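Quick notes on the structure that follows.
Should a chain be cited, it is by its letter among A, B, C and D, assigned in written order, with residues numbered from 1 in that chain.
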């Protein structure tokens, strides 16, 4: 991708100032009471789904910087009162990257040209104490709930998982909307299924899951922008395509940059959409209530999440 | 409290075997599709509330064992591709007790007489690798969503916060139901407001927040059991009363023991109910949709949570 | 190895009770003032060597349980006094296994048949709070200094590194003593060079370093016992041989068991002996002053160390 | 203290360029083979002392940023081979500030006016990945050993511990040299006893230990410089005096700045000198062999240490 082409798109989708100079929530501002009321009205069957991966040493991380969570039980078999030794408790401590498994990227997670969303200067905002602005705590209060819409691109293409080189285009999204009979609206949260997570959850191939992978083409940023969506989530590592030839692009992770930095739109990664997608295929309903609140880690650039869907 | 009196209550509320010998979810089994459907129908205004505290070094913890979260930003200003230095990202690592602020206790958090919920032997289940059974991951899949009911005992008594020695009785709960015009039903999650959290959030007195405090009398366990509630949460440290004279009890934290170990009922602690309670007082509606899913930390005895309420 | 054969050796080398029923230092008791005085007299050239590996993310660990150290800088560029912003400081936090690189095993690190060194019951001593007895803090006060003796088996065999299947025998040790003109005495610390560490430090092959490797045959335990040595260290992962066929042994890590549990003799692992060995070969002097004190981590089963040799 | 006065001293003691433009070891360069040979010759009695505090939750730290070490035992009672369950091991993980108890400050620990020792630009060197130059690993290879000299100022003044407002002057140091019959020489490491550590180790008053405290007046920097000492250590929090009125100084922690940044001289803090001092008083010998090597934490600004003295 050429930088000049990227810049043209970025200019069209940029939301800086749209919700005031001090705004820290970006497109989450699209979620108002009407959207939430409408979201609750999508609930018909009372079926509940969790889209989160487990957080443990068998998680999807391969490496030493983004490692899998380390759990340290403490106080096992410790009496609450030494005089009543029969009554005991246990606690535990976690050590983990906030980007270890199913998670939200906060608006402070990436930037370019020294500026974050809303024009915040990165050098003023980011420090070893964290993100003084645009931290994930601003996405957590109020937390993230809305109408969710699933676009199941893998099913559209008739495969369990898209080929690793498949870049999902706006046309793919439109075709899925048509095939599934659903239309994302302002304030909705878009869930895009590539099937890629099966390479980890079913095939158990961590390396494949972290390697080249299907995902959104950056052109989808405009599609998302035009519909005033609140957030985009997917079942792969980074929502967008990551693969061969990407290293040559003049813009690394362009969809990240357009969403997080220009639009102020949060990205949800490693959402496990398998069970939900099967149910949607069965009942033909691809819109539902989605509750996927990050934890309010002050000054953090991300948060693990256990997204819930109620249909 | 006498151990013999405690044992009599424990026997009456014990749910062991009720959902099979392998059950790991206890009273969350009360939440079925009808409950969830009904929960969604409580939504009228589309107002959204977060009940979670922030997770940071200014949290409610005083001590060194249960300490406040430590956030370590890494990769600040790190280029995604060294050849494109303008495009950068940041990650972060968290080190925290899973019991640091707003959180769920898993069924494996406490036990007595060597047995956990459902008769699991503690010595077989708990080890330095965590809770092999009854870990919080079982409460996370599917995660916790249901109808929530707020009983605002502080408001019932006409105070901002209950006196620290106030033990909330079943009569208090009944009086609040009557005054607020709400009746908890099977599968509901009970939120009890003592106002105690204001001692931390408003007065900023961490020591007072961790000291003697109002909360549920253990007699409320039978009240909860009789109504087949799914979980109980409160705005204090431990849901139940903790205070003067409690050290003399033959049973430490009796409500914890009855709920987590005998009933298999999860407890939610340090839920910030202030804004929600004000809204309920205004519109007179004390039932709502509650989404409060723990993260699926495998083998852990608790999880932080950012509970969301949609009214 | 047959368990019965092992037990016969274990009985011969067992030091339980030798230094009293409460002893926590085992063979470190062999190091007295005379030994230390003699050690200082070995210093002739004033040459100083460090035998420690670096502690960082590029360390020898492959895995997720024994991982490489994680360093978190904090307070970078933080003013000591906000009114004097020109004067700043930085701190850092480490998260690491105490067994990550060059390190001591404490006597509490391994045991068998439910008993630790000196007959301590493992179930009474070891808990999620650590080792209530035989922790590394007892090896740290007073810390470890003595005469060190290098036996360079790789050089004896004329190779850079012993083949991975080479089990060093008492005969090898005797031959090295003869070839090098040195005789280990009571209270000495034995350093055994296999050259194996080069597979990590020079060849950069972490997998090879963690795989099959040369090391001491368990028969050397008697050799060490007969000479009243204070400790044994080597340049491999576990001092003793680890390799093909070891899984069939009825006793895993027999040298560890005999040394740590029966003799009460600390083991030093991943000591980088390359520069020291080259110098010893050059001047023909294989005895020197060794200062290799563990840190006093209370109740820990090991400690990183930066061993110093002064010749 | 006036900034202009400070600058005059700084200019006199500055060692930048003295050991080349790439030097990372500062005054440790004063320690050569002759110094080390002479150090070994001070050993007469073979008595060994550890000067390190224990590393655990009862350590000297009061706060949440510089907290006491957290030890997490893992793999307790884990079989080395599942088929041989009688043979088990345990490991542990530590989470701690490198500045938690007895420790070395690396040359990268503090700076002023944007420059570190040897004129390194702080903005180029310090980042969330640590200190790219002047990290403690450079002090660790070869590690720190030399002749140590104790100047016992508390004993000189006839007190167990100096009053908290006592600033140790060059005259005090001279008087101690005369009284104790010892003269620090080039390459020596100076240990200064204030007795302050007793407020923690004996009186158990953590707050007092962290409060106002006696220590070196910054004028001692020239005294140290004139004698070409290699390092200075003390039994208080920061070697230098910290107390009332210091907040008004135009230069916070001036001795730190002069030593670490201008001279390139490492500081050792919280060295427990009590037992050593008693012995020196008894035999009248205040010079000895000191082995106090930091661990080679790559890019870290400090390291815990267990200093050993052999007399």
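Following the convention adopted for this analysis, a residue touches a chain if its C-beta (ideal position, glycine included) is under 8 Å from a C-beta of that chain, and two chains touch if they have at least 3 such contacts.
Since this is a predicted model, take the numbers as computed values, not measurements.
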Item to check | Labels of chains that are neighbours to subunit A and to subunit B | outcome: C, D
Next on the checklist: Averaging over Cα atoms per chain, report the distance between subunit B and subunit D in Å.
Outcome noted: 47
Next on the checklist: Could you work out how far the Cα centre of subunit C sits from that of subunit D, in whole Å?
Outcome noted: 26
Checklist entry - Considering subunit C alone, which of its residues make contact with at least two other chains? => result 65, 70, 73-77, 93, 95, 127-129
Checklist entry - Among line, ring, star, complete and other, which best matches the way these chains touch? => result complete
Item to check | Complex contact set, residues of subunit A against subunit B | outcome: 31-38, 40-41, 43-50, 52-56, 58, 65-66, 69, 71, 73-77, 79-81, 84, 86-99, 108-114, 122, 126-131, 137, 140-143, 145, 247, 250-253, 257, 289, 291, 293-302, 304-306, 308, 310
Next on the checklist: Considering only the defined contacts, which subunit D positions touch subunit B in the complex?
Outcome noted: 57, 64-65, 67-68, 70, 73-77, 95, 127-129
Next on the checklist: Please output the residues of subunit D touching subunit A within their complex, sorted ascending.
Outcome noted: 70, 72, 74, 93, 95, 128
